[in-house]
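By written order: A, B, C and D. Residues from 1 in each chain.
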Amino acid sequence: MPRLTLPFVFGALALAASAIASPLRYAEDGAPGTINPLFTTNMTEARVQELLFDGLFTDSRSLVATPELVQSYQIAEDRQSMTIDLRSGVTWHDGQALSADDVVFTINAMKDPTTASTEAARVSFITTAEATGPRSLRLTFAGPELSPEDKLSFKILPKHRFSGTAIQRNDAFRTNPIGTGPFKLASFSADGSIVLERNVEYFAEVDLNGATLREVADKSYQAKLLVYQSLEALVRVVPRDLATLEADRGIELYPYQTNSWWYIGMNHQGVWADPDMRSALTMMINVDELLRPIGTGDTVTGPFVRSSPFYNHDVRKVAHDPDTARTLIATKGYTFDGTHWVKDGQPLTFRLLVQDDQEVGQDVVIAIQGQLQRYGVTLEPEFIDEAAWKSRVWQSRDFDLVLSQWTFDRNEDIHEQFHSQGSRNFTGYASETTDALLDQARTTVDPQAKRSLLQQAHGSISADQPMVFLWTLNSYAAVSTRVQNAEVHPFYFFTWAQDWSVE
Amino acid sequence: MKRRAAIASLVVVLLVALIGTLMPDMAATETRPDQANLGMSWAFWLGTDRHGRAIATRLVIGLSNGVWPAVGACTVAGVLGLVAGTARGWLGGLTNTVLGFLTTVLATMPRYVLVLVVLTIWGDSALWLALAAGLAWTPSVTEAVSARVERLRHSETILASRLHGVPTWRLLLVHTVWFGCRKTVTRQLLGLFSAFLVLEASLAYIGGLGIREPTPSIGNLLAMQWGRGAWSDPRFWVPAAVLLFIVAATRALAHQLVEPADV
Amino acid sequence: MRRQLPALALVFFSGCSETPSTPDMPLDTSSWLAEAIITPSAFEALTAANRDGWVALHASDLNTAVGAFASDSTGQFRARLARQTVYADLAAITDLAIWRTLKVWQSRGLPTDDGILGVVPLWRRCGGPQRLPSALTDSATIPFDGTAVPEWANDRIDAYGADVEALRALVAVPVMQNETRIIRDPCGYAFLLASDDPAALIDTVSQAEGLASRFLSAMPTADDLVHQSAATALPGIMGATSPSLPAFEATDLPSLHASVVALDAVIESERLRIVQQAPLDGVSLLSELSLAERLRQEVLVARSRTLMDDHPALAGALADIAWDATDRAIGPRNTAGAASARARALLQQGRTREALDALEPLLTAMPESAAAREWVADLSVLEGLDRAGDSKEE
Amino acid sequence: MLAALKHGAVAALTVVVAVAGMQVLLALAPGDPIDLLPNAEAVRATLEAQWGLDVPLWERIGRTLIGDFGQSLSLRPGAPVREVIAQPLLKTASWWLAGSALLTGLAAVGAVVQRRSIRVPRAVLMVVSIVPTFLLAHLIVNGANEGVVAATDAGLISRPSWFPLPLDASTLRFVVAVGILAIGSASLLDAYTELSTQVHALRSRPFAIAAHSRGEPERSWLWRHLAIAVCELLAGRAPALLGGLVIVEKVLLLGGAGTVLWDAAVGRDYPVALALTAVFALWVAGLRAVLYTLRDHWRRGQTA
């Protein structure tokens, strides 16, 4: 264990010198490729957006929806519509005033099929949005909504920066975004750093004097930078660094986002359409053994984390059973030649795609490859960048296997991932039983029923094995104790960042 | 003596690479979760990484994964460079001007830039790496050969042989290329050989380009241990030392290979 | 060898003094930490008689510890005290979760079937509403009246009369209704709490002699124990204001941090003193059993509980600081009490889903925490019914 | 004058062919940047027009040659390429200039001064020089950071402003970058060998022997003659140094043209990658033209 006395010396020096508030410097593995809330797919983007943009509503510190851009609102008696008056005096970062048109535009852009927004599902409950005045608007819902404010936290975009609601993913906005949020973009440099400065025009007080995102691809260097006091926050600490940071009294660990799990997704268009092959793969992979070199976590049997109210503890883990797996493969016409399974002269080989910025991912891939190799299956990993990932996994579904992880907010809504019509269901999993359960779970208002339905869905999905469910890793953010009033939102991280301050 | 040591070192490197080639690929990717992060022992000479893969095995196979593409790159640069260089030096005139110009064009492109562009466009693989590096190093081989051939063409030995009726092809192949240029070419190619290994290591270390995990290479063996607070770890130092050793040996040997007339 | 903090740590956090004044204020009398490590004979004597019990207590395996200690030993009372503390937290969690559930249930106009109706009279019967801190309830009345007591509730009431062990097992078993599992037992922890009088336990422990009365507790010295047992009858907050430790007063986050730093400095100087004086195997024992860390956690968690009702956010911050992130499981590094305190603080802040997460490790260590977990799980689903779910690739 | 024109013309032609070659290489590449968009098929036609991918190859080459690089596709979509690369290029130019100066300076001084007393440090420098750039950077960065940690820990120093390397811009980071660029990957060793051969040759030339026998100090003629060799060294090393900068910039987190090129290549931002390679080609070829002209000029002066 390295001696970690250094920060204290530095801290003393830093304190002596610091009279003015400094910006918050935090590290991400990679700079976001896009800062456009219409096309958010990963957490790095979501976190930056939290600083730049506002929603109609936001989470209070006790995680209750409270008005943000909204001044006042009224939900109709039949709960099928809602009128909203926007806060006055809110301006975009370019000085233009926020208007009801902006909100209407945002909703329409998210709904526009040409835009193909990854967030479209979040406004599907709204049938129409119309501006009734410069700062007032009216939303109509598809059905009765008990508390629509809970669903209105998506970020609002400036209409005047776009030419229409059909928006391209590569629209120039993505690197020159403006919002109404507490911080505005000062620079987006080629070296992957994003500098945000305090928005002095913000309608509420902003204590934090700006924020700087540093792209630091090397996770170990990230942890070192925090210890060296060159950063104030790490959004995700890898398990390996936990002990070092825990021992450092200048750093506080925030256990924050735990609703995320890793999986090996199987493309149902190919060989994985066959449930026996899916079972065989699942049985060949020893999840506990995979987990060991990467850190502490809990293995899961389905699409929820163990602490989830929807996790079905009665679902048994598929036992690691290479013998049965072999039998299954043999029934599919493969023969074992001593080292490989072969069919029609071709060895059983799969391409596994992984995003190359995932440090943990590489370790997992190496371990999976080692395991499958023991049972005669060749795995050809391909580490690809984010752009190629979007294209090959999301768009053209050109893969046999993928390794990735999903992160959910506290609702743990798996509809988009596992419903046959889900927008994030890129493995192509389709099951009528699961579809029915997920649909019912979306509409029911009885918490007991919802829990029961989703627990059943857990069971049904586990039985189908559309992917190999791996684990949830213990997640911690690390924040320097120089940051005052730090509180971390369990999903978006920076929701309350305007109240933070750095000594 | 120094020369013999250098040659012997390189022969050892090639032998090790040969052993690596003969070993099954699976030996490098075989994981042993219960034997992770072991120190040096008889079973694992250089210990194991955090997946329990044997570092020594990976190093040997990694060396072969680097050495053969390096040899490939040398072949590309050697053949292209020799042909173009000899043509330039021997024929002179328009051929010299045109080929010389093309060489200059190629040499204008920084080598790393050329390799980087080729790799990112055509994909990560040892094959493209070898082709790109071979192409990028062709100009320097061409220059060296053509300068040498031109000088030899006017040398007294060649003139005398020509007067004695030695056929042109023989003059060209035996006297000029074989006796006249082999040291020059070997020196250039030795430079490329070590530069290739350094290139591979640099790409793997910086951006995971080139030969990628889980296929072992010296570069990704280094990258695996990088930044883990273990920069004094032998698992980092041994691959680094192997790389340095090859660089030093090739340089030492290249230093000895001076054509008599060059001095 | 984890915490090698220099005294300078104090300067860093307090931020007011430029030069490091001597922050060392080693505990004036011998702490249990010093007693156990510097004098191996004392430690040997302690563990010789009840080795299994102490091992279990150290690993925070409270049920095993209660069983392993001889019935009249100090260790037995200590283990029961620790378990009572967790039960108190679980009871508080359950009460709050029921209260919130009933409120949301009513405001949403959800069907009041047998299940939810049975809860109300049961909960009333065991005094649930009275236990709620006034700071967290906006009205004193229970949202709706349930008069009819369903059969399953009557069965439970009968069961509460059974002995403690049977009751403990019962709390972990789900109530079944129409073949769906619902654990809606609102009173299990209240009855478990009532089965053992904490005041009597405290009294017994405080009169006991030697290391056993304080080892692994939040009270370093014998004086502290006497002082604290006189000051409170609640086991959970014993040790929060031990006289030998720096005074504790937290009104906001900075003062809270300052108090943590002061505590760290004292524990660290005590640790250094011990390392200098102790025999070699004693020093290795100190780090292997992470005893200094344990003392720190016990104190911080006790302090966290004192803030629970009035400053849940501060209580949560303390509980987070106390929690060792390197190992989520309940064991030597993280006690069951630390987990329950964290869960309680989170729930009181309204962070229901995270409270559920904090309760998760407790489930393996104490299966009887299942009932509390189920209540919180229901509440978390109920609170999120209208939210649009968000998910991203990480 | 004529020589300058000739060298200039060659340089211009070189750049034209290099750019055309690179365009062809990119046109041959499988797939295009539009493939990387999630809604590629829907937007293909619009984007091809917008990005100028629908015009014939020769026209695209022509546009590039007149300095119309178009707009960035993925790095900073929509931004003119010129804007994207201008700043980083300036930075890279400064590092390159400093690196070249250091390299030639060290090599020339080393080649001329052959005193016994400074042999040992030079030997060290030479051994260090064979260490690959990235490894050298790795060792220096870790060594410096850990050294500061130890020294601060012991109360010997206070936190230096550059700490930790290589996160923020600082003088030390600049010095390290330039030093590594000049020394690493045998750059210095090769330059030294080249120049010392020249010095050796010069010293054995008749006029040098004559000057020596007249008792004239060596500096009266040596440096003047060595200038030609230095020019050739600079011209010859330019591409290697630019290539080395790609590595140095990545390892030391410098946001220069090398980093932009790397990111552009990886992100399939072909216009940016193409523009940068064109600039690099112009850089090398132009430099060569200038230095060759100078060399010819001096040579004529010597023979006259």
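The rule is simple: contacts are C-beta pairs under 8 Å (C-beta built on N, C-alpha and C of every residue); 3 or more make two chains touch, one makes a residue touch a chain.
Everything numeric here is computed off the predicted structure, so don't read it as measured data.
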Separation of chain C from chain B in steps, with touching chains one step apart: 2
Any chain that touches chain D and chain C: A
Chain closest to the middle [Cα centroid of all protein chains]: A
Among all chain pairs, the one with the most C-beta contacts: A-C
Rounded Å distance between chain A and chain C, as computed from the means of their C-alpha atoms: 32
Chain centre separation (chain B, chain D; CA means) in Å: 22
Separation of mean Cα positions, chain D and chain A [Å, integer]: 40
Whole-Å separation of chain centres (CA-atom averages), chain A against chain B: 44
For chain C, residues contacting two or more additional chains: none
Of all residues in chain D, the ones touching two or more other chains: 266, 268
Shared interface positions of chain A, touching two or more other chains: 3, 5, 9, 224
Set of all touching chain pairs, with the criterion as stated earlier: A-B, A-C, A-D, B-D
Contact footprint of chain B on chain A as seen in their complex: 2, 218, 220-221, 224, 289, 292-293, 339, 356, 362-363, 365-367, 369-371, 373-374, 381, 383
Of all residues in chain D, those that touch chain B in their complex: 10, 13-15, 17-18, 21-22, 25-26, 29-30, 130-135, 138-139, 142, 185-186, 189, 239-240, 242-244, 246-247, 250-251, 261-262, 265-266, 268, 273, 276-277, 280-281, 284-285
Residues of chain D touching chain A in the complex: 35-40, 42-43, 46-47, 73-79, 84, 87-88, 145, 149, 152-153, 155, 158-159, 163-164, 167-168, 253-255, 259-260, 263, 266-268
Chain A-facing residues of chain C, complex: 1-6, 8-9, 11-13, 15, 18, 108, 110-111, 115, 180, 182, 253-254, 257, 261, 264, 313, 320-321, 323-328, 349-354, 356-357, 359-360, 377-382, 384-394
Residue ranges of chain B in contact with chain D within the complex: 101-102, 104-105, 107-113, 116-118, 120-122, 195, 198, 201-202, 205-207, 222, 226, 231, 240, 243-244, 247-248, 251
